[in-house]
Amino acid sequence: MSFIRKPLNRRSILRAGALGGAALATPTIFTSRAWSAGYLNEPTGSTVTLGFNVPQTGPYADEGADELRAYQLAVEHLNGEGDGGMLSTFSSKALKGNGILGKKVEFVTGDTQTKSDAARASAKSMIEKDGAIMITGGSSSGVAVAVQALCQEAGVIFMAGLTHSNDTTGKDKRANGFRHFFNSYMSGAALAPVLKNAYGADRKAYHLTADYNWGYTTEQAVKESTEALGWETVETVKTPLAATDFSAYITPVLQSDADVLVLNHYGGNMVNSLTNAVQFGLRDKLVNGKNFEIIVPLYSRLMAKGAGANVKGIFGSTNWHWSLQDEGSKAFVKSFGQKYGFPPSQAAHTTYVQAILYADACERAGTFNPCGVVEALEGFEFDGLGNGKTLYRAEDHQCFKDVLVVKGKENPTSEFDLLEIVEVTPVEQVTYAPDHPQFAGGALGTCNPGA
Amino acid sequence: MEILRVEGVNKSFGGLRALNNVNFSVEEGTVHAIIGPNGAGKSTFLNCMIGRLAPDTGTVMFGDISLTGMKPHEINQIGVSRVFQTPEIFDDLTLLENIMIPALAKRDGEFALHAFARVDQDAEIHDRAMHMLEDVGLEDKRAVTASSLSRGDKRRLELAMCLSQDPKLLLLDEPTAGMSRADTNNTIDLLKRIGDRGITKVVIEHDMHVVFSLAEKVTVLAQGTIIAEGKPEDIKGDPRVQEAYLGGAHL
Amino acid sequence: MDAILLQILNGLDKGSAYALIALGLTLIFGTLGVVNFAHGALFMIGAFCAVTLNRLLSLSFTTIDPERTDFLGNPLKVETPYVETWFGPETGAAIIDWSVPLAILFSIPIMALVGLFMERGLIKYFYKRPHADQILVTFGLAIVLQEIIKYFYGANPIPTPAPDAFSGSFDFGVLLGLDPNLIIYPYWRIVYFLFAAGIISAVFAFLQFTTFGMVVRAGMADRQTVGLLGINIDKRFTFMFALAAVVAGLAGVMYAPINSPNYHMGMDFLVLSFVVVVVGGMGSLPGAVLAGFLLGILESFASMAQVVALLPGINQIIIYLVAIVILLTRPRGLMGRKGVMES
Amino acid sequence: MLGLNKKDTYMFLLVLALVVFAPFLLNPFPENSELAQFNAGYPDLMQRFLIFGIFAIGFNILFGLTGYLSFGHAAFLGVGSYAGVWMMKLLTMNVIPAIFMSVVFAGLFSLLVGYISLRRSGIYFSILTLAFAQMSFSLAYSVLTPITNGETGLQLALDDPRVIGVSQVDGSIPPANFFGMPMRESFEMSMGGWLFTFNAGYYLCAVVMMIAFYIAIRIFRSPFGMMLRAVKSNQQRMNFTGLNSKPYTLAAFVISGMYAGLAGGLMVAMDPLAGAERMQWTASGEVVLMTILGGAGTLIGPVLGAGFIKYCENIFSKINDNILYDWFAALPDGLADALVFIIHPFIGKGWHLTLGIMFMLIVIFLPGGIMEGMERIGRLFKRRKPPSQDKSAPQASAAPAE
């Protein structure tokens, strides 16, 4: 269902930019973006415009809608409206609730369609037409990497939304791009010990992997970390992204001597492959005297809903979950829940946090200049945003924080209560060297202020 | 001199023998009619000549070139044009264009990538096409889309298209089918005028009035076999022909 | 060997969906000469009939349970479906559990109406228009239909489970005297195959043995002649369109438990089902069914790890590859008539 | 002028004027007004109008003239894009070699696909092209990842060789440029409340598009173009007229494939990334829609269709409820809520719905597309004037195109 919500503020949007109202009197001014001394889309009026680029059509539209809700909430909080949400629990106190650097926060929205081309087009229009100083959002790695590269070229900051592939802060990292969300490596590193405890060290895993970039990095991460703990990988099979019926890929699993199935699938793929796997009775199977198990490395609660009861008892990892009991999470769930009537998803959380972190960095840097923001975010340590102590590592612009290992809840009390937290894997365990082979290649380059 | 020579042609469709060992030849510069009752195999015969159907056995020689196995456009390029039973014209194009296309095909061959030339500045082709339109009396309608023509006009247009190529041999499949008497007479006149150009013509016809007004030689086909051949006057009286036409009241 | 047997089962199962959709497409093409790009959307609407019935049956009233709390710390609101209070908790739960099979009955009138409205309201004005226009307008309609569904049901897949009674798997291995658990197949997928077979037989029987069907078949062969006989073929064709919609809808209803329905599931099937129709031969009903099963089985084989290792990527392109080979070597498709749609 | 007849010269000049002054024409609303939402005069969208215009013009050479409906043209655009990005990775950031190679590769690929697909006609041809394009898309997305970078899309990197350029400048990838002039360079001009942007990349696109448009006019008016229309009209008559239709259709197919490649090359010249989705069947479908919506077989129609769809995609999708409330701020609350409630499903994430409805309306009521609509409006005005003496009725259909 879609909800129509009135914005709290109904003032008309005044576009920021070199013109403001001052130019009204002057007949003609020629400016060249290449010649101006400052940086691209420098806000000179009383407002600053952020660009929220989320999937509004296509299979991830519901996640996009949740991201958009979180952004609207973040904007309210930044502008000092509402209950302030996580601003009160955030360890940095630079934000004062008067917008960013005294400028009221306005926003524009665009539709990524979960396609690299469309996402770049909509980001470009927000930069070129609406004067957005920062682009954020997205629900897939392909889009994140594509838009991140665009923002680097154009000279604005990109605060990635939901993107889990190693490449976003690995071989495709960019100086102007930052990722708060965790990644494939972290999922593998967090899951492996939990899996070992739950299922033992002598397991044979069968991987079904979505045939695209994110699938590859996730398969590699889970494979390497489980093999390090003694598991054996029997087979890895790639499944077409467009596949809807996975029976042809599930039946060979029945025939192998594997006793664990790892579904490196996300979104609709994950819903279908998990549903199919359960249909084929994999969970009731006994192999080598052990219960057959299924693992979903990256859980999305929104999508898990689509798999219904099939998720029960299945392990996976997630960036954040609304049932966390730290102050930050509680404050966020409360303010989101009161505004919209249901708890936020991890996509909503990471995008909300990204918006806050960006605002805070501008505030601390004292400028919207992307290079200043980059400097303020690099190596920034913070707490109180729902994931405990977190570091924005300077070398690759990846956030390092605790990772949640979750499993499908046996007795959910509501339609939102699908996952339970099994373990909060401490950050040390998921930290890796910037030059780790899974992240090899690529370079940040230098920040680009676009002017 | 023979311009077309058909030897031992057989053609079957499933169990049906449509043409049975047909031997036939056309003298250059004559008008040769093929007549026969419905289902006699006239159209099949024509199609075999023109490469639309491949005969099972036998040869079709045009001069000293064998037409068997040649594609329709290749057959046309060596000088054989055809008028169809239902007019085959370019419905969406103007009359002028309808005639310029065959004229261009004649001049430039089966394929020419003249993507930068301008149709409306090709004086040679334009004049030729206009001339043909005048010949068939359609010059006033040169800018009209062909689909809007009456059936008779379409037929005349198709004829003009074929003539614009100066073919050596013109095959006509019931050129007056479905026409009013007046239109038919016009067409006969037209075809007679073409005769002056020395184009050899093979006419398949139902209407004996047409046949006897035009043809110098008549071949009668019945059940896939040639049953008679000769001058029109001789054919008229041939009892086999009478019989083939079952009473043949209209002979 | 057992692996191949299993893939044949998979192929038959997948092919059931292809065959049902292609059957409907062919009925519409064969009778009305219309290329219907909204046919996938009909399949999708069918699946959402199942979702809707499930929701209707689960309509609930709310009571407050002060013992438990929700995510905001407020007392938990407990939803109890009306049917459970009307028929008692157990019968009520059973009714909800059986919502998908019940949706078969629910969807038939709905799909027939959808088909009727589509044909009378839109398609009939396009009989004489070029195929490109038909494609465009039905494609537009497909977008509109799926956006409407998305507006009401969201973009995420919605779980629509089969009745519990069908949850297990059937052991073919034991039947064949092999080891147990070697060749097992989920009950619901077997049901789907049998259901598809039933529908297909029913459609064929209907066309074969009823006067109505005979007229329609004659119409498919030669529309003008039948029109000349003074038979009102148009009304019958409207009926055929509705029938095709019902077939697509039923395929969708029964498919809902196999993969959770989402608003774009129709588009996912659309291109494939067109390929199926063309491979089978435009306008040939047996061709459509045969090609549906054939392509399903080929697709299943192509996704076997051994095959993919040999020809990387073959699982992604097999259907298209087959289509190209068939069209180049046998342009009228497996069982098509010559000259249909060739210009 | 330029070997065009008078009428075509006027049309060419009109299009030229529209393209040159597009930065003004597309920004009719002052920057601070509520209606600025509907301004389309920013570089990215203006570039897209032209690029998809080129794509549609090329597609129309095949579909509009010969009637062969290809459902796989996006594959050529994709191949062109990949070739273009590879040139930028390997050779230089100058866009000219990239665009050139895009056209060459798309041409070669379309020659292959066309040679095979053109053995069939009608819907069989459509399905063949569709199958080729879907295969290209699927493989580019997965198995061919080393060449295409799969889902992420092929993009530039700091360590690309760029043998006759530089790999990086101060830690940044050098911008795509035309002999030193960066494509993203823009001049802004403000007049009163209006802001106009003149972008280097846009004007490069404009030059290329005008050349492409000029070539299309020449093809339409050439004997070759006439032969292509003959293919559509009656292929049988054409063959019995001594013309071999196969090389004609193949040439048209390859030319339109090269146009698609040109569009792909320009796309990466403006924005150096090539994503696999641009090869998907929906992308091929989009160009079909553009052409038919605009008016297949007309010269300007496809360009208008492309503009129409890209405008919907980029403008409607960005309108959100906040903006609606801003528009209706002056109205009483209840009324504003009601209006927003009514409009809400059609904007923002509902733009697909708007597009779907527009398709249907145009196809139902204007089978000849936008061009037919304009013609009808034109006739409405003409009818009021007394008929001029030199215009006999049939003359109107004399010029078949546009």
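Letters are used for the chains, namely A, B, C and D, taken in the order the chains are written, and counting of residues starts over at 1 for each.
One rule holds in what follows: a contact is a pair of C-beta atoms (placed from the backbone, for glycine too) under 8 Å apart; a residue touches a chain by one contact, two chains touch by 3 or more.
Values in this document were obtained by computation on a predicted structure and should not be read as measured data.
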| item | value |
| --- | --- |
| Intersection of contact partners for chain C and chain D | A |
| Per-chain CA centroid nearest to the all-protein CA mean | D |
| Separation of mean Cα positions, chain B and chain A [Å, integer] | 74 |
| Distance from the mean Cα position of chain D to that of chain B, given in whole angstrom | 46 |
| Interchain centroid distance [CA atoms averaged], chain A/chain C, Å | 35 |
| Whole-Å gap between the CA centroids of chain A and chain D | 33 |
| Multi-chain contact residues (two or more partners), chain C | 151, 316 |
| Multi-chain contact sites of chain D, meaning residues that touch two or more partners | 138, 141-142, 345, 352 |
| Residue numbers of chain B (touch at least two other chains) | none |
| Touching chain combinations (by label order) | A-C, A-D, B-D, C-D |
| Contact footprint of chain C on chain D as seen in their complex | 69, 116, 119-124, 127-128, 130-132, 134-135, 138-139, 141-144, 235, 281, 285, 288-289, 292, 296, 345, 350, 352-353, 355-360, 363-364, 367 |
| Footprint of chain C on chain A - complex, ascending | 1-2, 57-62, 211, 235, 237-240, 242, 244-245, 247-249, 251-252, 254-255, 268, 271-272, 275-276, 279-281, 284-285, 302-303, 305-310, 322-323, 333-334, 337-338, 343, 413-414, 416-417 |
| Residue ranges of chain B touching chain D (in the complex, touch as defined) | 50, 71-73, 76-77, 81-82, 84, 88-94, 97, 100-102, 104-106, 108-120, 122, 125, 141, 143-145, 148, 161, 165 |
| Of all residues in chain A, those that touch chain D in their complex | 2, 4-7, 10-15, 17-19, 21, 23-24, 26-34, 56-57, 61, 64-65, 108-111, 115-118, 120-122, 124-126, 128-129, 140-142, 145-146, 149-150, 152-154, 167, 172, 175, 211-214, 238, 240-242, 442-446, 448 |
| Sites on chain D touched by chain A in the complex | 31-32, 34, 36, 39, 42-45, 48, 138, 141-142, 145, 149-153, 155-159, 168, 170-173, 175, 182, 184-193, 195, 197, 271-273, 275, 277-278, 313-314, 317-318, 320-323, 325-326, 329, 337, 340-341, 344-345, 348-349, 351-352 |
